[in-house]
Amino acid sequence: MTWNLKNGPLLGAALMLVVLLAAPHMFYPVFLMKVLCFALFACAFNLLLGYVGLLSFGHAAFFGSAGYITAHMVKALNFDPLAGILVGVMVSSLLGLVIGWLAIRRSGIYFAMITLGFAQVIFFLSLQLKFTGGEDGIQGVPRGMLFGLVDLTDTMSMYYFVLAIFLCGFWLIYRTINSPFGQVLKAIRENEPRARSLGYDTDRFKLMAFVISAALSGLAGGTKALVFQLASLTDVNWHMSGEVVLMTLLGGMGTIFGPAIGALLVVTLNNYLAGFGSWVTIIIGAIFVSCVLAFRRGIVGEILEKVRTWPTRHKT
Amino acid sequence: MAKKRLLTAFGTGLALLMAVSGASAAGLSDGVVKVGVMTDMSGAYSDLCGPGSVVAAQMAIDDFGGKVLGKKIELVSVDHQNKADIAANKAREWFDTEKVDVIADLPTSSAALAVMEVANQKNKITLISTGASTKITNDSCIATNVHWTYDTYALAVGTGKAVVANGGDTWFFITADYAFGHSLEGDTAAVVEANGGKVLGKVRAPFPNTDFSSFLLQAQASGAKIIGLANAGADTINSIKQAKEFGITQNQTLAGLLIFITDINSLGLDTAQGMMLTTGFYWDRNDETRAWSKRFRERHKNMPTMGQAGVYSSLMHYFAAVEKAGTDDSAAVMAAMKSMPINDMFAKNGYIRDDGRMVHDMYLVQVKKPSESKGPWDYYNVLRTIPGDEAYMSLDKSTCKLVKK
Amino acid sequence: MMIQIFGIPIQALLGQLLIGLINGSFYAILSLGLAIIFGLLNIINFTHGAQYMLGAFAAWMSLTYLGANYWVGLILAPLAVGAFGILMERFMLRRLYHLDHLYGLLLTFGLALILEGVFRQLYGVSGLSYTIPEIFQGGVNLKFMFLPYYRAWVIVASLSVCFATWYVIERTKLGAYLRAATEKPELLQAFGVNVPLMITLTFGYGVALAGFAGVLAAPIYQVTPVMGSNLIIVVFAVVVIGGMGSILGSIVTGIALGLIEGLTKVFYPEASGLVVFVIMALVLLLRPAGLFGREK
């Protein structure tokens, strides 16, 4: 078998699987789980930004609200952890349907502003509603027994549970992108009027992509709430919306693995620099600026571009 | 070749990961007592705890001789950015990978509660100094926590009672619209009414908020003698400034329910004068507090707040307890801490209850007029010492599951 | 007998409306700057909040380090902030014009983070005080409320700057060029107008407006590194409601929303942080282009 770009994702996936299975034996598992949650969040976001070309500046709304719902279901109503997450996903998809329906009527910057506005509404609701516990958030969420069998308080079981969720979500995104549906999305990204003239109801496609993206963001958010046993305002704040944009941009928007790599880097950075106070903000800002000015394809995007142009550059 | 490049992408990520976890694995040690100061290093509360709390912790270690039971005492600190998830995450990491034995300070109730949750699971000790919520020693109480410096109940009792006794019997509350604000307002209103005062009204201001003029006008229209500020930090500072701007302080008196000496410092005496507040520590109270505070100020630019003094006091007591117990086992150390009275520059005959409350005297103070102040940081007149048992909620009202009734 | 509306004395209502007007004038001047920039560059300037903060800090610094009084600060700070904007446009934003406008949004977002972080590092968060200038100390009793002179000055200053800007853009030849550059920059360039320079200066002016608002705000609020970051989201909503890029729309909507917010604070204060976004949702449902915007 000769090497070509088509094998890239396959090989990448295999490699990723091996690394992820072995990782908790080498690294701190809670940190890895955080990375996985954010990686899924970034990949879900990338589905919208990278493949439909819609920049949402309010994705924290889905991530955070699913976290609250999951935490509430599991803690107050004694739901099974997976059932709790699924309810969270349902709520975030529903939110995605409403917000998406309003937002996709506009594109570009208008779209970004509208999603930002709605995310603020969700933020205020999270601050005010009774069950969210205001600025305390929902704390001490039990991880519980998965299907009444697997004890998730055990860190390793929890890790593999999170990994399974991540892989499902990731696989779903991969399938979406590589389906006929995904092809239409890319067509919309490249030239919306043209896609419309070909008879596609582009608004419906955009809305579906938005809902899928919101649902998967919710999946990530709900899972994160279980990992940290906590749902808090941080996850619905607009800074979180900015952070996921950064992860995607840094890793490479419109690439399959890029956002996950971006998430790994940003989470690592946040962890490592946590002791340095406002330097985190400065450095994250600087990465943003340099990404936009210097390498817009992101890390994975730049690498892929090098690979793609390599044969031509080395022809004699 | 191309395969290699793809691998590099993963390699880079892995290398970074290793760098991080490698750094934490290096702290793995047994022959050490490790203190973690978790605080707000850069956010809204960084002036009243933050780097100053780390200085206070270091002073405690130095004053104890740097060693306990012949083992070295180490100090680590982290900025939890007032976010509960970062705090919980970091605490877990400290306990799991760095063998931290005790976490001190913990401003922002939500973050403090999140860390307590983790400490409970891992059976480690928390010494909360700057965190304020009464939840800490009630619904969310755990066996391995001590709430050292103050709580919203003590503030409410101290300020509320004294103000009513001084004739301020009608109140209007401007409340930050979130759990902390509500609890501060509720506690104070109860105290005001129990002492014969009346609450004429309240307004819930969104949080965070910069413009309080609208709420201040409502407070003015209510005709209440006292405007209770059930908020904190920048919200409090802004409401006090704007109250002066709108001339409200001419006929009505402000009662700030949670104010630190650093807030007074940044407001200036001209704006803050006459205000009554409750505090757990004031540097200029006696020779002992002055001597300690002077040493603190030599290492840190400001005079200590009650939170920072509390960090010092709580750690000194913790080290003494470790020495007495002869081990750093959490249960044994907690037992030792509860068996010894606390007598230092911070507290006289302080003691720790079953719910984790450290009971000590609080002080009702009034902010001096600019003309009364003899120099920088000379801000308060101590009006009254509130005995600990009066300041803190009595055990029979406690909802803590550890309290036997 | 006191006249009442929905149980609220009309006196109190008037007071709240006046306060709404004060806040509205801040919204108006900030959203005006955003609208000008958006109209010409098609960029949503996420740094606007940080530049507002810069304005306040510049005023504070000129007072503290140079001993310059309020009036000097009022001129100096917007100039400095505007100059910063010009540099930003010249060396960063300009490289992005050939790309999707979203990159402009992302760049300015990153810059906003850097600015906020740097000032937090330098000055901490609890904030610095800027005393109200001597001449505006005190206030006047309007029977229904006590109006501090400084707040009155804020209304006068910001509304006159808003009106002047509107007049220049809609009624003068310079404004005509500007509007032409918004519609057909190539054509205007062909007529010999230096369009890139015009863009640079316009951006500088829009940013200077943010700086001006910052100076106005300095004596009322604490001067803090985060003072702009929460405000700016509300102002974004104002711009969306008014119709992005609409000059008149941004001014009118800014003031109107200030008033509405003021009323909410009386009738249902808990919702006052939310009301702007609810109105935004309603407007978008009925008029996706905003109240004064045109469908593109």
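Letters A, B and C mark the chains as written, and numbering starts fresh at 1 in each.
Basically, a contact is a pair of C-beta atoms (placed from the backbone, for glycine too) under 8 Å apart; a residue touches a chain by one contact, two chains touch by 3 or more.
Everything numeric here is computed off the predicted structure, so don't read it as measured data.
Shown here, the protein chains touch in all possible pairs. Counting C-beta pairs in contact across A-B and across B-C shows that the higher total falls to A-B. With centres set at the average Cα position, the gap from subunit A to subunit C is 33 Å.
If you average the CA atoms of subunit B and of subunit C, the two centres end up 37 Å from each other.
Multi-chain contact residues, meaning those touching two or more other chains, occur in subunit A at positions 124, 128, 277-278. Shown for subunit C are the residues that touch two or more other chains, namely 120-121, 270, 273-274. Across the assembly, subunit B contributes residues 42, 46, 177, 206 that each touch 2 or more other chains. The touching residues of subunit C, counted against subunit B in their complex, run 9, 11-12, 15-16, 19-20, 22-23, 120-121, 124-129, 132, 138-139, 145-146, 148, 150-151, 220-222, 224, 227, 230-231, 262, 265-266, 269-270, 272-274.
Interface residues of subunit A, counted against subunit C in their complex, comprise 53, 55, 57, 102, 105-106, 108-110, 112-114, 116-118, 120-121, 124-125, 128, 238, 242, 245, 249, 277-282, 284-289, 291-293, 296. Residues of subunit A touching subunit B in their complex: 3, 8, 11-12, 15-16, 19, 26-28, 30-31, 34, 124, 127-128, 133-137, 139-140, 228-230, 232, 234-235, 257, 261, 264-265, 268, 271-272, 274-278, 299-300, 303, 306-307, 310. On subunit B, the positions that touch subunit A within their shared complex are 1-3, 5-10, 12-14, 16-21, 23-24, 41-42, 46, 77-81, 83-86, 88-90, 92-93, 96-97, 109-110, 113-114, 117, 133, 135, 140, 177-180, 182, 206-207. Across the interface of their complex, subunit C is touched by residues 42-44, 46-48, 177, 203-206, 208-211, 213-215, 217-218, 221, 233-234, 237-238, 241-242, 245-248, 262-263, 266-268 of subunit B.
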